[in-house]
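Note that chain A is present in both complexes that follow, paired respectively with chain B and with chain C.
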Partner chain A sequence: MTVKTEAPPVPAAMVRPPTDTKKQSWTGLWFVLPFVAFYALFLVWPTFLGLYYSFTDKSLTGRAASWIGLDNWFEAFGDERAWNALWNTAEFTLYSTPPLVVLSIVFALLVNRARRIGWFLRMAFFAPFVVPVSVVTMIWIWIYQPDGGLLNHYLELLGLQNADTNQIWVQGEGGVAMWSVVITTVWWTLGFNFLLYLAALQTIDPSVYEASSIDGANWWQQLWRITLPLLNRTTAMVIVLQLIASLRIFDQMYIMTGGGPNRESEVAIHYIYIAGFEGFRIGYASALSYVLFVLILIISIFQFRLFSRKED
Partner chain B sequence: MPNHPSPPGPASSAVSRRALLTGTAAAAGLGLAGCGSLSGGLSDKTRVKQWNLLAGADGAIMTEMHGDFSAEHPDIDLEATTFGWGTPFYTRLVMGASSGNASDIATIHLSRLKSLSPATLMDPITESELNDHGVAAEDFADGVWEKSFAGGELYAIPLDTHALVNYYNRTVCEQAGVLNPDGTLLETDGVEAYFDLLRAVKDVTGEYGTSLDTFAGWRQFWAWYRQQEGEMTFGDGDYEIDDDKALTAIEIMYRMAEEGLCPTFADGGQCAANFEVGSAGLVQVGNWEINRFRAFNEAQGLDFSMTEMPSFFNGHRYTQGDCHAFVLPRHNTWDTGVREATLEYAAYMLHNSFRWGEGGGHTPAYLPVTESAEYQALQPNAEYSGVVENVQFDPDVWFSGSAARLFDEVGGVLNQVYALATTPEDALAQIKNRIETLLALPSPVD
Partner chain C sequence: MTAVQERSTAAEAGRPTAVRRRRLFKWRGKKPSVGAVIVYIAAGLLGVFWLLPLVWAVSTSLKSETEASLGQDIHWIPREWSIEGYKVLFERGDHLTWMLNSTVVSTIVTVLTLVLCTLAAYGFSRFDFPGKNIVFGSIIAGLMVPGQALIIPLFDLVNALHMGGTYWGLALPQVVAPVMVFILKRFFDGIPRDYEEAAKLDGAGHFRILWNVILPVSGPIMAAVGIFTFIGSWNNFLWPMLIATDPSMMTLPVGLQAVAGGYGLFYAQTMASAVLGAAPLLIVFLVFQKRIVEGVAGVGLK
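This part shows the complex of A and B:
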């Protein structure tokens, strides 16, 4: 998907007369082939292999695997820890998706108005997204450090916290750890949604606003009656992408909290990782992966249905 | 991590389409050729790939030794890679070995040998091969040598013994009046005596008495549990733990944190930093941090020394520890030259392990080194040389050992004890519950 911050007008010269379509399609195939080969080898094939493994006791140690039917699946459905991990994933998704959608609209609206320093704000909001996860988590772990971390330091300066009873963040109980990661994630990935919204905002025809202001619409009315409805398609896409991304949470959580405290922030993929790579149980991990896969699939289908109905 | 497509970059008009296609094809070729036999074909050198987990301060010493090895062996191209300590490393090792494409040699913790399924994932080493390179069974202490075997086959070449030790800041401890006239730390007996020492140090630092890694609580737990002569044994789906002794060990942690004698939260980095900046006058951490503290001493000044763990029970100075060892991950095929070069490398590291002890703080497993007068006189190593006798290895079960699941799971619970978020009673119940869950899992190595 390409994102353009400006929509250049299409010059008439660029619209080519139709040529031999058959010849064109063959050329295209050669371009697609390397990707298709990789896609088949590294995505399609492992997907089916994983399904097969989920019916076996395949182990990473290389011992001969035997067919065990639905045992892994029964174990997965009865595994309290797996359900806890799924629930934590859902919790993370519920906490992280709304701010990642709402804040990106707000920032996009702000930047869209700020014509002069727009380039700077665009860069400022997008920059964190370019930073790799290892760096992001390292910075935030420092910020959250109970002793001498930036956050607690300022909380103390503001008199909100006593130096003797430092708040523990990334291992904090009662959802504190989860929220710490949510805040980090919002800071980190907001830029992408922001850019999508900004691009969409810039494609709205200014004459629509002009016409509405002649009719006496104020800024607020323009926002609710014109801007947001015209952003609907983008919102639908952003929510779908965001939900999928949030359901696949692993990296930040693994590095920052390691699933702690007391498994409060252990998410689905982390548990799959534990089962497969620490416990060597590839068969069981495959079954767990399929449970998550099916859940994401159901949510995605449900969402697409919901939004496409709205569009009609 | 959201797998969004990469952001649009500036269009690179300089790259021609042909150049781009050639590049892509070459890249695809590289990818398909697998984890490159490429550089092997480019020079006459025998290439030895080594994987290690020494991401800590001792890793710098290993890298230095590798430089020396390469200088002395111009015909061998040593390619060493350091992975994140713990699970990231072991995951990589196991996955590589299960396909037969891991490195030629790798470091492991000896406590993990059995859980790495040596029969299927490692290649055995013969003693005669080792003899050819000047290494023999007599060069190792019996206990360590026996641990290098699995199913009657030799799989590991022990490099060192390392353990939790007690570092002390001499400047701070002197002010607190807890040093002997010769500048060594006062020897204490019993929990209360040591707590008194910590209180005196805390009065000087104004923050903590001792620092420690609250994420690696298993190490402290095991040391204090074993000092009470507590046993933990695992049978078929069954296990034994001494509840009273375990609870006593956990209570020590809780009380220490409650009184502010140690931090309630400190990851590896902060654990060391507390000691460096003087927030704590002591730090209970592995001997491998010596290189880090020395570097800090050179940069900003830190007068420190090291001693064994304090004795809390029965006069024992038991500590938790492990051994680093070399293994040969399973190869689909061994090139004779590569295998020779690989063993030559391992032998070199043993023969030159004086540097490993001096710089990395580890006690070399190779006895000709540790028995040498030069090593015996080495400071501060001599001050904690007793750890080799006092080291307590983790219980014998497939999920135990350094960075294994027992270490992680128990450490996660104990982290909450230090944070004062879980009571010792609840923590013990949780630990037992987690052990039971681990026991219920099918063993991947039986």
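This part shows the complex of A and C:
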């Protein structure tokens, strides 16, 4: 720092692009304006509109809304069904995040070692990610069929299940429904995390491994002392992205279990949907949305800090 | 044996380490170690295993309804190949409508996202204007707003704008992607300004510079942003489900879901519609595989 201050100061105009005249400086605004207009209309405005609605009894039926203060919020915090939905969301996040992180590391490590069939593996692991959710659920409901489905058939064949008592999966009680959706989700979305890890692995300089081999490190030590520490930042990013994605779970859960059995798999967005579009209570659904919103916001702040750290 | 030994000792006398290393390397190249073989077999099996659900869907779709039905034993290769399931779907024609709707909506979303985000990113990257930091800061804050939590007011807004059940109502709310502005700006920031200065001296305007100088070197990142926007929009479910209640306006994922229950016990038909639903993007993916893989790397790491 001291060295720098001693150097003669460079005029700012020489470093930055010419932005001398007033006219030029407004030009930039015209470039960003179209996006900002969209952004204001479809993101900023609904954000505040939703907050406003949460203090009203606005209804989907179109009758005039009136201000009811914190009533929706009090109701939300006392609503057992809302807590249940929030808990189920947390449960799904808790179950789905570890396999989606750990398995994607394992897959990426494998592919990084088996480079000659890398094209095939990348294709195999990432292909499900581009399949629409309704197709994914169609296929998995078919696989999960209790009587004569693919999964039960092989479980019986392996002697893990009695042929007379078929396991019910997507409507299975005691968390089975939730786990069925977790497995489907892992199969469907793992490819993205996998590619992030694969890309990170391929930036590691091979000479690091050569050096440690000469020092007598085996692959296990290399994995724990070199590879995983070098992947730390990728892991942090993948975990945060995954948490946010998992907290927003709706599509596959809604289609596969419909929230059942006994609301065991009814998640937050599903309940928001029910309150708003089936119960017609826009005001109350907005308050519920904001609870989820704040939760995701907290995690997003970590994400934002990760992003901005990279800027340095 | 002795001859070989003699030769190797003779060579070692000359340049011992170099020769030994080269021989070791060659041996490795020809005959992979046991560990490598295990890794290849494990990885290959895992890859095949991961594709099984898709293979099972294709297999079921190519059976006759009786052969596909639940009472039958599990077999992967149809005993009697049949495209009955596909025929029924094509006769009904819904799929083509939904595919067309999805194509229109995803194309609008992708084109608008690319245009708006590129202009905005260029503006933020190359200009100073009053309020720039506030505007950019608020867009960065938008990174943290989860879209799904906004569906209620957004639905209300789109209906108030009389866009409910239209392509615009389906597409426009999906266009706002602060993360794409952020990614593109970061990329534009890294492009050296020398070329632009030269172009400016030649009298080129800002749009010219963007078009002729910036965009030609931004191919891969634009492709990544475009492909991901397209995939995201094509597979979007919740928003189109809320907006497109009329079957003629449904996108592919919503339409498939709407009729999924209606197939009842026609599993060959169900799986045929699954295969048709998966096919367009799978083909796009296979064609652009390299771009997509690089895109994830670029978006994730840079």
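Observations, loosely collected:
What we mean here is this: the second predicted complex is superposed on the first by the 263 of 312 C-alpha atoms of A that agree within 3 Å, B and C clash if a C-alpha of one lies under 4 Å from a C-alpha of the other, contacts with A are read in each partner's own complex, and residues count from 1 in each chain.
Everything that follows uses one rule, which is that contacts are C-beta pairs under 8 Å (C-beta built on N, C-alpha and C of every residue); 3 or more make two chains touch, one makes a residue touch a chain.
Computed from a predicted model, the values in this text were never measured in an experiment.
Applying the stated contact rule after C-alpha superposition, one finds that A:Asp71 touches neither chain B nor chain C.
Within the superposed three-chain model, A:Pro34 lies in touch with chain B and with chain C [touch as defined at top]. Of the two partner chains placed by superposition, chain B and chain C are both touched by A:Phe277.
Of the two partner chains placed by superposition, only chain C is touched by A:Phe125; chain B is not.
Residue contacts after overlaying the shared chain place A:Ala199 against chain C, while chain B stays out of touching range. Within the superposed three-chain model, A:Glu173 lies in touch with chain B and out of touch with chain C [touch as defined at top].
Counted by residues of chain A touched, the larger count belongs to C, out of chain B and chain C.
In the superposition on chain A, contact of A:Gln303 is made with chain C only, not with chain B. Once the two complexes are overlaid on the shared chain, A:Pro261 sits against chain B while remaining clear of chain C. With both structures placed on the common chain, the touch criterion links A:Ser59 to chain B but leaves chain C unconnected. In the superposition on chain A, the residues of chain A contacting both chain B and chain C are 34, 126, 129-130, 133, 145, 147, 192, 195, 248, 250-251, 277.
Chain B meets chain A in the complex at residues 1-5, 7-8, 24, 28, 87, 90-91, 94-95, 97-98, 117, 120-121, 215, 260, 263-267, 270, 274, 279, 330, 404-405, 408, 412-413, 415-416, 419, 421-422, 430, 437, 441-442, 444-445.
Note for the complex: chain C touches chain A at residues 35-36, 39-40, 42-44, 46-48, 50-51, 53-54, 56-57, 60, 70-72, 74, 115-117, 119-120, 122-124, 126-132, 135, 138-140, 142-146, 148-157, 172-173, 175-176, 178, 181-182, 186, 193, 196-197, 206, 231, 234-235, 237-238, 242, 252-254, 256-257, 260, 267, 270-271, 273-274, 277-278, 281-282, 284-286, 289, 292-293, 296-297, 300-301. Across the complex, chain B is touched by residues 1-4, 34, 57, 59-63, 81, 126, 129-130, 133, 141, 145-147, 164, 166, 168, 171, 173, 189, 192, 195, 241-242, 245-246, 248, 250-252, 258-263, 274, 277-281 of chain A.
Only residues 16-17, 19, 24-32, 34-36, 38-39, 41-47, 49-50, 53, 107, 110-111, 113-114, 116-117, 119-135, 137-140, 142-143, 145, 147-150, 153-154, 187, 192, 195-196, 198-200, 202-203, 219, 234, 237, 244, 247-248, 250-251, 255, 269, 272-273, 276-277, 282, 285-286, 289-290, 292-293, 296-297, 300-301, 303-304, 307, 311 of chain A touch chain C when the two sit together in their complex.
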